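The structure is given below, and queries will be raised subsequently.
Letters are used for the chains, namely A, B, C, D and E, taken in the order the chains are written, and counting of residues starts over at 1 for each.
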Amino acid sequence: MLGIVLFWVLAAAALVFGYLVFRLDSMARVTFALLASFLAVACLVLLLGLGYLGAVIALMMVIEMVIMAVFMIMYMMNPAGLMPMTMVHNEVGSAAIAIGTFVVLAAGILLVDWPAREGAPPPDPTYALGEALMGGQMLTMMTLGVGLFATIVATVVLATDRGRYGDDR
Amino acid sequence: MLSLIVFLPALVAAVLLLVPATAPRRVFTGAWLAVSAVDLALVVVVWLTPGSGFRFVERVAWMPTVGISYHVGVDGISLPLVALTAVLFGACAVFSLRETRRVKGYVALFLALQAVSLGLFVALDLILFFLFFDLSIVFMYFLIAGWGHGERARAAALKFFLYTFLGSLALLLGFILLYLAAEPHTFDIVELAAADPLAGGGAYAGLALLAIGVGLAVKTPTVPFHTWLPPAHTEAPATGSAILAGILLKMGTYGFVRIAMPILPGTWRQYAVVAVVVGVVSVLYGALVALAQTDVKRMVAYTSVNHMGYVVLGVGAAGIIAGTDDQARQLATTGAVTQMVAHGLITGALFLLTGVLYDRGRTYDMAAYSGLAARAPVFAGVFAVAAFASLGLPGFAGFIAEFQIFTGALASAPVATALAVAGILVTAALFLRALQRVFLGPERLPDAPGTPRPFADLRASEAAAIVPLLALATVIGILPRFLLDAIEPASRALVELVAR
Amino acid sequence: MNENPAALLPELLLLGAAVVGLLMGAWLPRHRQWLVRLLAAAAAGAGLVATALAAVRPDEVVFGTSYAVDTPTHATRAIVLGAVLVALALSVDATAGHRRETEFVVLLLLGGLGTILLGGANDLLLLFAAFLLASVPFYALAGWDKSALGTEAAMKYYLSGAFLGVVMLGGVTILYGVGRGVGYGALRDGLAGAPLTAAGVGLVAVVAGLLFKAGAVPGHFWVPDATAGTPPAVAAIVTTIPKIGGLVAVYRLFVVAVPPDVLDRPLLFAILAAVSMTLGNLAAFFQNTVQRLLAYSTISQAGYAMMAVAVAGRAELAQQALLFYLAAYAVTNLGAFAVLAELPRARTLNDHRGMARRHPALAVALAVCLLGLIGTPPTAVFVGKLAVFTAAVDGGYLWLAVLAIVNTVASVFYYLRWLAPVFRGTEPDPAAMTRAGTWGAVAAVFCACLTVVLGVLGGAILPSLAAVPAPPHGE
Amino acid sequence: MTLQLFLLLAAGLFAIGLYGALSQQSIVMLMMGLELMLNGVIVAAAAFWYFVSPGGVDGQVLIVVVITAMAVEMAVGFAVVTAIYRARQVDMTDDAADLKG
Amino acid sequence: MLWWLVAVPLLAGALLAVAGRRADRVAPAAGVLVATGALAIAIAAAVTRPAVDAPLVAGIRAGLAVDGLSALMVVTVAGATLAVLAHAVGDPELRTARFAGFMLLFAGAMLVTVTATTLAVLLMAWEVMGAMSWALIAYRWWEPESVTAGHTAFLTTRLADVGLYVAAGAALAGGAGSLALAELPGANGPWLHVVTAGLVVAALGKSAQLPLSFWLSQAMRGPSPVSALLHSATMVAAGAYLLLRLAPLLAATGWAAPAVAWVGAATALLMGLVAVAQTDLKQLLAASTCSQIGFMVLAAGVGGVRGGAAQLVAHAATKSLLFLAAGTWLVLLGTKQLGELRGAARRHRLVGVTFTVGAAALAGLPPLSLWVTKDLVLAAALDRSTVLYAVGLAAALLSAVYSTKAVWWVWRPAQPEVIAGGPNGTRAPAGRGRPAGRLGDAALVGLAVLAALLGGLPFVTAGARPSAWWELVLSGLLAVAAVALTWRVAARMGEPRVLASWLGVERAAHAVVVRPVLAMAEALARFDDRVLDRGVTAAARATVGVARVLDRRGEGAVDGSVRGIADGARALGRLARRPQTGQVHQYYAQAAAALAVLALVVIVVR
């Protein structure tokens, strides 16, 4: 029962905060709305018994949103939300496509005969996850690692202009 | 041997590309002349070597998984065309001795064209055939665009490329259908002809023939796929036109006798009447439209449509079994092949002659000239001979061809053939009119800028290029046996293949 | 577990070269960075050797069921490594001595690595991870020169990739939901009894990400912008290398993971191929900047290649056609871009006028490559097209072959629009005809020769591409 | 708590994110939209794991992959924004539309 | 030997023609020499009757043979050629290699025609003859009228030649695979009729029988020696010869023989009337040729081969004589108008006398040649049909009338002021001296002798006897009467326009055939440029809307096509580029929409 209540609350929170991301007119508030939405989802993941992943999501998103807030303030002309801002285009079309997508997805979700549940959660999902990461999905993780390495190189290349040889062009 | 004949020009072209363009132009034209002479000599050797069926066969596996091999050989149908190619390119080499514009590229392109033309006629593999077919388009495009008459030449060249390339791809589609129909899959012409993979007919076979037929019809060209031809001819240089009409058009008709008929005999028989109708329409339409032209080169171009129409009529009639005997069908087939040779020689000469006309007067407009016979009697005489040869006068090769086609085709398609015979009347009229306008009557020369010099008669090098072509056409017209002895066994074999 | 690192030798070589190269770059003086390039080339060359050695061994699936080492993987490795080598060569003139030369090389290696993994991935999660690895370095490469257009190109490339990546992840999730697994083997079982609607949507979503890699409709929007905004060397890389991995991945996904009756795959890909080739060709018609023109041409080329995907499993030639086509396309396209890299100031068609006079060898190489892209024999793409068309007709898609033929003819138009000024006798523009160096020309001539050699001797390669990856459980 | 409810939530988040990605001019806001979409994917992945195949571990790995992807895309996105801001002082997609046609 | 017979004139002619101006000096002598040689070989061949053949095309051989009919013909042809060439030596305008060469080729082709044993060879020679007639009639190529006349001759006869081509095909179809003339009657089924019809059309066209007579009128533009040869032993005679040769075939069909007979009779009569109405001497002679050939055709139709052949030979001698004489006057006096030729015979007695002999023979006056030969034909006709006979007799009377008319004019006392060159005079300057020379005179005399005596030929060669002596007497008496009557009324004879213009067939032919063909050609050319060439264009344009087609129509034809495709493609291209707006959010929207559609397709189509 508590689970159901929690679900509804968290779901509503995730959606509402998600919606607010594009409705608020201050960068700081937007960022925190997004964070709130993520945290709600993290709680939902916790609710499903994936404690470790829920915690990871929460932690990651907090850090990410902080960085994002910094970026917002660095690059956007309205850091503190002092002025109302509307920086949207094709709002109607976007809304139409988004609502259409939702309707179609929802229809599919409700109509599709989803597979029945098979098996039970392992006693320690986190352990199983670790085993998988070091086992069957090792290559995936290695690839993701290399991807992170590539991301570092890429972000350095993109974000810094001077390079390691100084200013000479 | 055949590989040597085919690749010798390509090899020399590659070598010439390494020679700096600043070298004297005699180096290039001389090399071309020498290669043509050697090729011609080799072809004569091949011709004189006795044998039957496919000779000088070379076969090397090329892409075995997809049934492609480097397979070449000559028989009585391809050998005359190989010889024609060697002769006509030789004539163009002689004619080009006076060429001054970017000679290196010019000669290299012609040598490349020579190689692919020879290659096409000896190819016994569909993909090899297609390779040469396509390359001929590419090289001819560059020739027209680069050495044609200015800006319009580029438009004409583009049209030529797009149109004939579409045709070639239709052809490729047909080849793929043939390949898939054969078991085991192969692109080999001889094997396909032996296997007759689509003997059962049906829509698939019809589709294959349609694709191949359209592809070849564009190249031939037959009505209504001919509209690329007049602009391409009008804008091309004289030698380019001669090769285009003399050799490249033959690739289409050769495809009919080498591919469409032997590999799809049943389907060919089924739809032969279509070929007959297309042929007759091309004959009459080409002749009538040519009659209305005021541009002499355009006129000659349209007569090509007319002459190729006879070929299509002949091959079509050879596919109609009912009411005919072997002799008639063989005559039609032999006539069609003979017509290819005859048209190559005669129209090649005519285009070179129009090149002379343009060189002197800077225009192809017939109305700009009159009474040239007084200034240039030799030119007028040679042109008249070529014109009469082209209108099918006995004593020239064209008659031997057309007579056989008419005689052989009448039994199977009486009405169509009778209509086609009327085409010779229109051809006669149009050539007489052209002769009258340009050469006869009171003398008048164009006074366009850039033509202050007097209208010079045929020069030695021009005559040396053109006269042998006409002489050969005359020899074939009077003593055709040496040619027919080569063609007839092959056409008999072809008729048997079609009739199976 | 079969975690044999030797099976991934080519991949490990690339990774090692990338890491070592980055470290080396940190220590090398600016004008010695060519050592990094040399290292990369050595790694790629060694990778090719390793690929050749691996190809004679029997197929295997390593790291659980996540990575297949089989014919398509070998082919992907060979093509990508070869393309990396050529890209290393043709980029010398533009990047040598640049302060980010090392990063350029490292990013190229990482992107190549990701592309190879994409081709070999046998698991949806690895597929997505490889997608990330194959994307991120190329985003950075697009913005590598930091010019206004280059960064815009990087932005669009990135935003396209991010969006379609999200869609792809959504698709992965749906497939996981309905198929109870992410490994291709498990999926094949799971999808057999899955609700078809959901499976179809999931597959389309996954394919969306791969189409982004392949630069095919509807994931093609970045292609013209990213190609036009970047230096030729980068444009050559981003239009060539990711396509290989993307198309092989699509092929593998549908051959291995998706039971034939889940959705009408041939129709889906026939539509995608048809739209891609037609749109690419039409949009290329009247482009005046050569890079944009080539960009659209690559979209249409992806369409031709996708024909083989459409008939995979229905025509015996499909896999050979796809792999050979990709190789032929890579060589030919790189050759065309190499010419651009050699003449970086000639941005428009008109800038190329009179090129045959000034640089005859380069002009001939360009002509060979462009005619090759058309599919004129005896170039490699002709053999590829022949195989693709044959496969399409064999697979019952005659209309697609006909459409491809019409498209090919249409494509002639714009390629010739480019070639015509090249061979026109007019006086060239000296500024536009300034050569950047020699490596671009070397690469161009090499590619032109290779495309002809592949075209003539391609038959020898075709049989070695025939072995189709076996569906799991010996089906 | 049913699979359908979770999936509806996921779809809702996905749709909201899609709306943002489509409608926002600022690159950073646009990235937020993409993040929200991934947020939905996480919900769906977790739900599928719990309701369809809790016995397996693929769903969990999937969530890990999604989180990594989020991080990677965020990082690259910020780098791109930095680069384009340096090069032309814009952070709007609409302002960076020189490449077209 | 037979090869030599045809090869000598053909090769010599070809050599002379090719050599062109360089050989002008030796050409007249060479021409006469070759013609003499040819005559010698012809006589030898006529005696030895050789036959040769060689393979031509599959199953069809090229055969030559001399039998009774062709023996007569080869000698006639060679003789006429010799006479004409000998006479032409005198005309400075004709002392060219071109003239001599073409004349020899012309004669050589005729020799092949008359000796041919297969249709293939016959057709070859037949067509070459037509081409040579073009070259000779248009000998004065700088005069547009001459060239046009040559065109008319060649095209008209080639129109008829179509019949030969059809006949050849039909013969093959009908089972006569060797195309041997002797086998043609054996063709089976309907093909027999096709063969016959084709041959008849070809022969009638060549022989200028109705309704294809008009080309002969125009052919008078050529030099007179050309006319002399063309009207006597070659060209027009070839048609008659062919019909005589194929009389068995005509008989085999049932309908062909009467048809041919009637055409011949009608031509004889109507062209006789036309001849009577002419005021131009050469036109009169030309029409009379048609008329006389009509008798030969009639002979072929009624089976009187011997009479027809005799008529052919006698007519050849007579007509070449008359044309040479007329040509002499034309050269000397610069006119061929009867009114201006008054006194011509008085001033040039030899020409006058020989002309009169020829005219008398033409008139059918006993005991000259044509009286006999014509009556052999008429006798044969009488065996078949009285009406035919009556028509023939009337035609014979007409020949007496027009011959007399011509003679009457030339013997009238001279009117010097007219002779100097009247309004109708041709360009040839009057009084160029005596061109004919001794050789020319000899030719005239020799021909006159032959014209007078050849009537005995049939009796000599074949021992024929007049079948109905009363008929001979009757026609002789009628001829004398007609001559006498005409002599009295010659000055007052009218020239009805219909007859003077050769029945107006040419104008009709122009209206019915030439102009429609030209118009059709123009129309098709326009169609080709506008419609067919732009079909591709239109297809491309249709995709963007029909309106554009109308919009661009005004553009040049050649450019328009490529540009047309370009326009269509450009529109499509623009359309294809439109999605590429440069705006990322629009890319997103499009990609999302496209993916949605794809998903839909995947779901719906399965």
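Assorted remarks:
Here is the rule we go by: a residue touches a chain if its C-beta (ideal position, glycine included) is under 8 Å from a C-beta of that chain, and two chains touch if they have at least 3 such contacts.
Chain-to-protein mapping (UniProt): A = NADH-quinone oxidoreductase subunit J; B = NADH-quinone oxidoreductase subunit M; D = NADH-quinone oxidoreductase subunit K.
Being a predicted model, the structure only gives us computed values, none of them experimental.
Counted as hops between touching chains, the shortest connection from subunit B to subunit E is 1.
Chain pair with the highest count of contacting C-beta pairs: A-D. Centroid distances from subunit E, each centroid being the mean of CA atoms, peak for A. With each centre defined as the average position of its C-alpha atoms, the distance from subunit C to subunit E rounds to 74 Å. If you average the CA atoms of subunit B and of subunit C, the two centres end up 42 Å from each other.
Chain centres here are Cα means. That of subunit A falls 70 Å from that of subunit B.
Chain centres here are Cα averages; for subunit D and subunit E they lie 93 Å apart. Of all residues in subunit A, those that touch two or more other chains are 89-90, 93-94, 97, 101, 114-115, 118, 137, 140-141, 144, 147, 151, 154-158, 161.
Counting partner chains per residue, subunit D has residues 14, 17-18, 21-25, 30, 47, 52-53, 56, 58, 61, 65, 68, 72, 76, 79-81, 83, 86, 93-94, 97-101 touching two or more of them. Shared interface positions of subunit B, i.e. residues touching 2 or more other chains, are given as 158, 162.
Under the touch rule stated earlier, the contacting chain pairs are A-C, A-D, A-E, B-C, B-E, C-D, C-E, D-E. Every residue of subunit E that touches subunit D in the complex is listed here, in rising order: 577, 580-585, 588-589, 592.
Residues 317, 320, 356, 371, 374, 376-378, 382-383, 386-387, 389-390, 393-394, 398, 401-402, 405-406, 408-409, 412-413, 416, 420, 423, 425, 458-460, 462-463, 466 of subunit C touch subunit B in their complex.
On the subunit A side of its complex with subunit D, the touching residues are 3-4, 7, 11, 14-15, 18-19, 21-22, 30, 34, 37-38, 41, 44-45, 48-50, 53, 56-57, 60, 64, 67-68, 71-72, 75-76, 87-91, 93-95, 97-99, 101-102, 105-106, 109-110, 114-122, 125, 128-129, 131-133, 137, 140-141, 144, 147-148, 151, 154-159, 161.
Listing the residues of subunit A that touch subunit C in their complex gives 108, 111-115, 118, 135-141, 143-144, 146-147, 149-151, 153-158, 161-165, 168-169.
Against subunit E, in their complex, subunit A makes its touches with residues 89-90, 93-94, 97, 100-101, 104.
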